[in-house]
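Heads up, there are several structures right after this.
Two complexes, one shared chain (subunit A), two partners (subunit B, subunit C).
And then the complex of A and B:
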């Protein structure tokens, strides 16, 4: 029997980027906010100080800051004819754990989705006719124009370094000409690029594309954000993704929001507190709070007037299914919503091997890169191509952490003298051109509860059924040759192309961009949340994160996740509090 | 972690109403309420697991593992796994949480999966090594009347190739799973920071030109394709920084 605690205005489930965003705005509005975080407290001095932050084995290969699979994992299969088996240790993606969540160990590549990405269904149908059978993409219900002020604010909180390409509708040289109109320039100038980006930029221009500096959350200069928090210039140490920044140079909840929040008397955070279920009132019309368990195994009921799900998308979906909120998605009938439209990211690329020049990949940063957007979203004509969507193509120099990054040319064996000598010959002389492809929703890709495997509390694990779709494969086949063409123009000795082949493999790391499952939309029959990220079923339950995406765009998700959180919390404060109830009538 | 004054305040807050219980681990796990960022001396969590002497392997197992590592990353014109003492790295790893699979999801049922479903052995890494080394020894003694470590380098290479290409299989466990694991661990031990026992004297970093755990390359961003030659630095510094 759970012990009853005293109530709060708002309880946040999970305390990463979106938890910090909701907490900051809601406490600022005077509400009493409590965040429950499954993992431990984390901060720079304790967990990733510069004296020990550059430790590839501990943080990446031994998963120093990720969720332990022993605590909870997912089961996975490529299709519903197979038996899903647990991911016994993480591979293809790395959910975070502890304060700051995945926002601690991200690279900092901070793109806005395109205006057309938010209306993917209606836009593509209007331009290209009916969508193929089985493709279940949808509109978000919120538009780019509505989100623009919130993108702008999140970018100022983070101090994003970039160059605007579209200021209030005017195309600006040096930026991304395809981006949606921005109300303001980036708060900081782009990072200083290295040799590989210079070569990529020249090669891309040479084939008529429009390169621009990747919007970066690694600081190009010292910066003070709107909450008065300071970030330091990035030192290009090459330990960004999968690591915490010891230098206060990467925007994270820790560096940009939490220190301000911790000073507020109406905010509290409980760590090592894992939420087991979201509780409902007897009539099922609203949530009454959450039940959680602490590290001693004791469980508590925490009452709250508002609950916001701020955990990783996979866990948000699982919590809704375990709590029996909303209709679970059924792939046979196509009905139901929770777990629907799970999407990922379709990655491919080309590696350039230089002979004379040194790319010195250890001089790197998580979002140090140049990109082209000419083949993203609907920036190019898809007539007759047999797919929709696209991706950006970029040359990043993020790291030369040697356990992870030691590319060798084609035809070299995987071990032995020949391998070792090839690693040595090429270690300082490679650059990569990557395709960051969109993943369109399909009826057969979804999340539900596993019938066999359970976590340490005896609750079913989440089951993931996913494979790359025909759209994904065609998209990748169309864009990878563009990346190859740019790579061949960069002046190296040889280029090795990494195509997207075969089924989705859960083992090699790809990206921690898992989306969908708690999607937003315009219709309760086809979405979990309305345009304000409010549950259609329980009006005092809100959901944050990339689980809201009805399909994944050809970008990294964090900027859009941040903008949606600010948009939603703004609606809570300006609309919901004065009149608690559904913000959209079904 | 918190001052006595704060505890008192918290208690007053919590036990003010008698019907309300307090979370048991509250004092260690609640932050905020206007107190600012928590900080107390010596909270930093420097690396620990794998940095101190620990052993899992028997002397015979250790000999076989060292011999395998020495063929996966041979010593030739440059240093190999033997020079880097990779076997000590692996031995310590197997004796730690990693070898025990402590952070892995190890609940059954254990079924054979597709390649895309990853590691599905019921054995955590250390036990997989133990079972596989027995099977490997049996195979080598049947085929060549000697243990793996006593075979010629050519024979050793042929056996490893057989495991890698699934031409040699074991009865109860997957030889390929073992091969993939030991290759991964060998690469880890060759390139990880020397604090973990391998990459001795940073031989592997020096060999490939990786400058190690430096954290400020701002002066080198404009290298424009020129070589940057910097002596590597480990988390424990580098030779010459401390007395022998």
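And then the complex of A and C:
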């Protein structure tokens, strides 16, 4: 029997980026907010101190920052004819855990989605005619123009370093000419580029493309954000992804929001508290709060007037399924919504090996890069190509962390003295060009509850059914040669192309951009949430995160996740509080 | 004599700020004035058991002195355990003369040698504020002092030697700002309580006035800001920023000073902080003699240790990141004659104080597990031997001593 606790205005399930955003805005509006975080407290000073933050064994190899697969994981299969098996060790993606969530161990690549990405269905149908059979993409229900002030604010909270390419409709040299109109320049200038980016920029210009500096959450200079929180200049140590930043140089909930929040008397955080289910009123019309369990195994019922799901997308979907909120998606009929439109990212690339020049990849940062957007979204004509969407192509120097990163040319054995010699010869002389491809939703890719495997509380695991679609393969086949062409123009000795071929493999790391499952939209028949990220079924339940994306664009998700959270919390404060109920009439 | 005389023979002169103690009703403006002075006096810091989440002003905090442990009394208006039965007269006597309501001498851990500069009006205001608080019933533990210090009469002798009941007299040749600053520094803010050197009996030494002092094994640095002073390179704005926001180009408040900024100075009016800065900027000092150059081999070893462990934040040329990571080439902790704070920060780390305007939680991590005594000694010898100011080499045994002290403190 769960112990009954006294009620709060708002309970947040999970305390990463979106939890911190909702908490900051809602406490500022005077509400009592409680965040429940499954994992431990973590802060820069104690947990990512520079004296040990660069420990690859602990953080890369032993997954020190991530959800423990032994406690909870997902089961995976490529298609519904297969039997899904649990991922007992993470591979293709790395779900976060603990305060700050994935916002602690991200790289910091902070792109806005394109205006057309938010209206993917209507835009593409208008331009290219009916979508192919089985493609279930849809519009967000919110537009880029509506989100713009929230993108702007999130970027100021993070102190993003970049160069605007479109200021209020005017194209600005040096930035991304394809981006949606920005109301303001980035708060900080771009990072210092290295040899590889300079070569990429020249090569991209040579083939008529428009390179621009990647918008970065690694700081190009010291910065104080609107909450008075400080970020330090990045030292380019290259320990961003999978690591916490010990130098306060990467925007994270810890560096940009949490210290201001923790001082507020109307905010409380309970760590090591895992939410088991979202509870509903007897008539099923509202959520009444959540049930959670602490590490001693004791369970509690936490009543709340509003519940916001701020966990990782996979966990948000699972919680809704476990709590029987909304109609679970059925791939046979195409009916139902929860678990629908699970999408990923289609990654490929090319590695350049130089002979004489040193690229010195150890001088790196998670978002240190130059990119081109000429082949992203609908920035190019797709007529006759047989696919929609695209991706950016970028040359990052994220790191040369020695255990993880030691690319060798083709034809080198995987171990032994020849391999060692090749690593030694090439370690300081490689550059990479990557394609960050969009993933369009398909009827056969989805999330549901596994019929066999359970977690340590006996609850079913989430089951992921996913494979690359025809659209994904054609997209990748079209963009990878462009990346190769740029790579070949960078002046190296040889180029090794990494194509995306065959079925999706959950083992090699690709990216932690899992999207969908709790998608937003304009119609309760085809989406879980309305345009304000409010559940169609329970008006006092809101959902945050990339699970809202009806399909994934050719970008990293964090900027859009942040903007959607600010957009949603703004609607709660300005619309919902005065008149609690559905913000959109179904 | 160059040192400023804290205790000057002016106690018999009339103060311009003091007025006759008239019977006043508690007025909200008096309570508000008292609240401000209470903040300026940082009373809450010692009179709250911060380590054990005690209630504000309810006392019970263990204060380590070189002579033993003193527990701060309860200042809330509780009849049995606090100031509930005190009169304004009693309270004035406590602040002005160091005598409690029963005529007992107060230990000078209570900074009445500074508070004595406050007028009767001002002590009445503080009393009015304290009486407006919610009473808290809280017995304080017995002080843990050895004989003969546990006999309060022993304080009488101390006071005879080191204490004079004074009132503040402005210097007509100085600006109003300067006089206000001196009043604040020597009165309610009691800066000399930590930043002035103490004699063996724990009294401030006149010729050590604001030249730095050792307290609980922290060295509170030289804060003279005039030519030759420990913070001569700090501009008036730097001092104001440090006290108001807890961040300045040169360093951030840490540990006990962090408490002072958090509880006291960040809440003070900017013109008062400016007055403090104006006064400190007027205090000149002699630049200490340049010590003999340390051995070249130690400098080289220290430079290597610095580059590997410190340069990522403090920059290869020691210039740091202003407002963030302290520039070390000009640090008054690194180049202090007494290296205690520098050794201690390297061993145990230190946390920059978050404030209302800059809530960031910044800290330097501890290096005690990573660097040996000899390595830390070489590192500090390098820093002290190469900065804008020079200071003498550090020995491994100095580091070892601090390491032992910190290990003991943990128990």
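Just so we're on the same page, the second predicted complex is superposed on the first by the 586 of 586 C-alpha atoms of A that agree within 3 Å, B and C clash if a C-alpha of one lies under 4 Å from a C-alpha of the other, contacts with A are read in each partner's own complex, and residues count from 1 in each chain.
Simple rule for what comes next: a contact is a pair of C-beta atoms (placed from the backbone, for glycine too) under 8 Å apart; a residue touches a chain by one contact, two chains touch by 3 or more.
Predicted model only: the values in this text are computed from it and were never measured.
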Answer with first, second, both or neither: which of subunit B and subunit C does A:51 touch in the superposed model?
both
In the superposed model, which partner reaches more residues of subunit A, subunit B or subunit C?
B
Regarding the shared-chain residue A:457, is it in contact with subunit B (first), subunit C (second), both, or neither?
neither
Looking at the overlay, does A:222 come into contact with subunit B only (first), subunit C only (second), both, or neither?
second
Output check: A:493 vs subunit B and subunit C. Expected answer is one of first, second, both, neither. What do you get?
neither
Under the stated touch criterion, which partner chain does A:43 make contact with: subunit B (first), subunit C (second), both, or neither?
both
For A:230, select first, second, both or neither according to whether it touches subunit B, subunit C, the two together, or no partner.
second
With the two complexes superposed on chain A, say which partner A:255 touches: subunit B (first), subunit C (second), both, or neither.
second
Subunit B/subunit C common contact set on subunit A:
43, 45-46, 49-51, 233, 235, 237, 246-247, 259, 263
For a test of understanding, state which residues of subunit A touch subunit B in their complex under the given definition.
3-6, 41, 43, 45-47, 49-58, 61-63, 68-70, 73, 76-78, 82-83, 85-89, 91, 192-195, 198, 233, 235-239, 246-247, 258-259, 261-265, 267-273, 294-296, 298, 300, 354, 356-360, 362-363, 400, 402-403, 406, 414-417, 420-421, 423-424, 427-428, 452-454, 503-507
Per the touch rule, the subunit A residues reaching subunit C in their complex are 43-46, 49-51, 222, 224, 227-230, 232-233, 235, 237, 246-248, 255, 259-260, 263
What part of subunit B is in contact with subunit A in the complex they form?
17, 19-21, 23-26, 28-39, 43-47, 49-50, 71-74, 76-78, 80, 98, 101-107, 109, 111, 113-120, 157, 160, 164, 183, 187-188, 191-193, 196, 204-205, 207-218, 220-228, 235
Touching residues on subunit C, where the partner in the complex is subunit A:
247, 309, 312-313, 321-325, 349, 351, 354, 356-363, 365-367, 369-370
